[in-house]
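Next up: the structures, one after another.
What follows is a pair of complexes built around chain A, which joins chain B in one and chain C in the other.
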Partner chain A sequence: MTAQFASMIARRPALTMGMALALAIAVVALLPGLFAPQPPNAIDVGRALLPPSAEHWFGTDHVGRDVYARVVHGARVTLGIVAGSLALSALFGGVAGTIAGYLRGWSDLFSGQLVEVILSFPPIFLGVMITGIIGSNVANLMLALSIVYLPLFFRAARSAAMVESARPYVEAAQVLGAGEGRILFRHLLPNVLPAVLTQYIILFPLALQIQAALGFLGLGVQPPTPDWGASLQESKDYVLYASWTAIFPGLALVVSSLAVILIGRGLQSRT
Partner chain B sequence: MSGANGRELLRLEGVSKVFAQRRGFSRTAGLRAVTDASFTLAGGEVLALVGESGSGKSTLGRTAIRVVEPTAGDIWLEGERITDLDRRQLRPLRRKMQMVFQDPYGSLNPRIRIGAAVAEGMRLHGLASARTLRDRVAQALEQVGLRPEIADRFPAALSGGQRQRVAIARALAVEPTVIVADEPTSALDVSVQAEIIDLLKALQSRQALSMLFISHDLRVVGDISDRVMVLYLGRIVESGPTGQVFRDPAHPYTRALLQAVPKHVGAAHGKRQLLKGELPNPVSPPSGCVFHPRCPFAIEACRSADMSHREVAPGQVTACIRDDLPAFDAQREDRT
Partner chain C sequence: MTRFIVFRCLAAILTVWLASMVVFAMVRAAPGDIIEMMMGQMGSSEGEAALRRFFGLDQPVYVQYLDWLGRVVTGDFGSSWRQGSPVTELVFNAFTVSFELALLVLIVSSLIGVPLGLLAGYRAGSAVDTIIQAFNVLFLATPVFWLALMLLFGVSTFFYWSPPTIYVSPLRSLTDNLIILAMPMASLAFLQIAAYAQFVRQHVVEALQQDYVRALKARGVPARTILGKHVLRNILVPLITFMGLIFIQILGGVVVIESLFGLPGLGRLLVNALYARDFPVVQGALVMVLISAIAINLLVDILYRAIDPRLRS
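The block that comes next holds the complex of A and B.
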């Protein structure tokens, strides 16, 4: 068992490390209270901007909140928003792309053009625009992020569906008397899914960046909810003499991105 | 084996298929895959479609059961005209017309278990209740010589021969009356080919199935079929009882095909250059008899021949206008 595990690490070190990291981060995000019992929003102005110590591992911020508690509790908020909005994107983009790739014709042309329009905006600009128009709260932020990444899921699913549609099992299903809906959902979608999942892994770090950037611009999660991007924003005035207020939320972003990138790399170099 | 009930099951009249080709916004001349094909398939009969690749045999087989839409002509199934039925109207009829595909690696969905794949047709056509479904699947698998336990596996766990058996079980599970077998053995190892042919033969005679057997392997065709149709460039150039056609082919193209069959495995024979040139472009087929540019017996009149069929023996027709061909000798090549 241990030997097996060791050989797995040796064979696919990136994947194993990425998975281990992601698992650890997921556990922290799901059960923050277990790792940081202190409340993330407890203000204690008398103990503001203290450097890291045994009592406050990551120090305290400008209103005396424990940075460690805010980073740990922020994991659920930040990563949850990214994971959730990408899942929404993958669902709608994936299904629409599969339909377009299978049916082709005018619906494909129309949705393809619509997607091109979205793609022509830089993601951060589009995110600012959407949250700026409809207001910045968690639901709107998620909606904005899903719209930003929908085209990429659409494209990935569409091209996979086009390849799969040409395979004989689709014709075989038609010969059996299966309707379009059945062919799409029972036959094509499961075969398009790997392409969508790959896209999900590729886009996760990018979406995390955009989420943090929007948080930094104040267009994301509103205070006092702990969020890594928002924490970076709050720390910007103190970063010169209380660097820990920025370093630890930033590090959390880097490590989370790294975990997903490692998984992606590991899956890519499949032997 | 021939004619278990002999009644007409499938009839095609003047069926053509032209694949439209688009270049940008303009439509150019279409690819004529099948031109003016007429034939009938009787109950319990095995009709073989032979020809080289690109001859349109797969397209004709698919058009006959309306998997491919005909551009012209009419199709009748059990006396009912099915040419104009739309997809929805056609769906209940799918049960009667099944197909076995060439590539058993592609024709089974890699993400659907064998049992579910075999059950799909029965479920779609309401042939089994949820309770009896498992038993029906087991029966269907046993019928093609597979163990029922295989139902829980995915296609990737099966060999090519096993997969083709599954594909056959899937097609037969809905109790069809016509099966189109599109080169069902050409993607398989030689050792497995004979097994699949024997299985198809056994099932065909046991259930009095009608089969349209598409192949370029004349030895298999001679083994399995009652009648044979020879296609060249989308045209039926000769058809008739298999034994009769193989013994005394009336069309020069059929002769060339038969002479190309190696007689003894390992026997040394000189380079065979039976046909000159290559299959012409089906977008702009030759005038007159489409075979005349490659035909060793072509005469001036062939350039404007209309390729209508004439009977040369009971049940045997040819599209060749020459009735003065030298006697056929399978061992020797025809020369001009």
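The block that comes next holds the complex of A and C.
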């Protein structure tokens, strides 16, 4: 068992490292109270902007909140939003793309043009536009992020569905008299799934950056919720003399992106 | 070739038109408008109605859209509701700031990133390659605005220097302008260098397995010539497509860090206009972004057909 494990690490170091990091982060995001029992929003103005110490591992912020507690509790907020909105995006984009790729014709042309229009906005502008106009709260942020990445899931699913539609098993199902719905959902969708999942892993770090950037611009999660991007926005006026308020939420973003990027690279190089 | 260009231009115009409709519809569907903000608590209903007439907001939305579109076609984006100045001028001035920074980042990151990618790809599997790849992964994971914060902190702590906060146009003093742009440029460049290096490395590794490279090696052509002349030329088409993507991505990054460095660019204009519900400015800024993104894609499409004759037919 251990020998197998060691050989897997040796063969696919990036994947193993990424998985280990992602697992650790997931545990923190699911059980933040276990790692930081102190409340993330407890204000103590008398103890504002204290440097890291044994009592406050990551120091305190401008109103005396514990930065460590905020980073730990922020994992669930930030990563939850990204994971959730990408899942929505994958669901709708994946199903629409599969249908468009299988049926072709007008529905395909129409949705293709719609996708083209969404893609013509650079992602961050689209995010800024949606959250800035309809208002910044968690639901709108998730809506914005899922719209931003919908076209890419649509495209991935569409091209996978086109490839799959040409396979004999689809023809066999057609000959056996299976309905369009049955072919789409029972036969095609499971085979399109890997392409959608790959896209999910590729897009996760990008979506995380956009989520954080919107928080940083004040258009994402609103304070006092301990979101990493929002924490960085609050820290920017203090960074010169209380750098720890900016260093740790940012490192959390870097490590999380890194974990997923490593998994993606590990999966790509199947050697 | 001419037919292709005409066709692509028409398609680009169609996309801009559709997208402008999306922008207009979204902005008009927004909850809360400037009239409410202007009138505040003291507003009378007559005053409100008069203001709505003044801004043309009493018309049905499609009339407002056609009216707006009719003027946009002639290059007139209306006036800012908050400042009264022409939107075209506000947007254009802001765009030149963002564009200059984006262009600088593109140049610097191409000049550093492409050679790094060539080197890593040529020496795939070596220690140099591992170091470059570690650099890539690290900076692909780093948010640009956080890197900007860290640079501000690091440079001021160790070198006792911070960038000036009052923007100077390059037309007034190029040196002062570049001093102001140095740190924002560095914060954006690392990510793009990493993106370039990764992309070029991948393509070089693939190119090196092809017959023409083996033939060149067999003839004893030096590695530098193979890489710089033959491989680079062969990956030029994907590289140019990639450059277009990078440029659009840089424009996005510029927007996020402008406020941090006090640059009067498009992002700051857009975010401030959104907060103030100054819709003509929001529409103008977004259409400007759309036009530039679509223009870059168009340019890329035309450019690589010009480079690679095989794609022309």
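Operating definition for what follows: the second predicted complex is superposed on the first by the 271 of 271 C-alpha atoms of A that agree within 3 Å, B and C clash if a C-alpha of one lies under 4 Å from a C-alpha of the other, contacts with A are read in each partner's own complex, and residues count from 1 in each chain.
Keep in mind that, in the parts below, a contact is a pair of C-beta atoms (placed from the backbone, for glycine too) under 8 Å apart; a residue touches a chain by one contact, two chains touch by 3 or more.
Worth saying up front: this structure is predicted, and the values here are computed from it rather than measured.
Partners chain B and chain C, once the complexes are superposed on chain A, both fit on it without clashing. Superposition on the shared chain A places chain B and chain C such that, viewed from the Cα centre of chain A, they span 100 degrees in steps of 10. With both structures placed on the common chain, the touch criterion links A:187 to chain B but leaves chain C unconnected. When the shared chain is aligned, chain C comes close enough to touch A:265, but chain B does not. Contacts of A:171 after superposition on the shared chain: chain B is touched, whereas chain C is not.
Residue contacts after overlaying the shared chain place A:55 against neither chain B nor chain C.
When the two structures are aligned on the shared chain, A:179 is found in touch with chain B, with no touch to chain C.
By the touch criterion stated above, A:205 is placed in contact with chain C alone, chain B being left untouched. By the touch criterion defined above, A:120 reaches chain C but does not reach chain B. A count of residues in chain A touched by chain B and by chain C gives the higher number to C.
Overlay on chain A (Cα): least separation between chain B and chain C is 13 Å. Across the interface of their complex, chain A is touched by residues 15-16, 18-19, 22-23, 26-27, 29-31, 137-138, 140-146, 149-150, 152-153, 156-157, 162, 248-249, 251-253, 255-256, 259-260, 267, 270-271, 274-275, 282, 286, 289-290, 293-294, 297 of chain C. The touching residues of chain B, counted against chain A in their complex, run 65, 67, 91-92, 94-95, 97-99, 101-103, 106-112, 120-121, 124-125, 167, 170, 174. Put simply, chain A touches chain B in their complex at residues 167-169, 171-179, 182, 186-187, 190-191.
Chain A contributes residues 113, 116-117, 120-125, 128-130, 132-135, 205, 209, 212-213, 216-219, 232, 235-236, 239-240, 243, 246-247, 250, 253-255, 257-258, 261-262, 265 to its touches with chain C in the complex.
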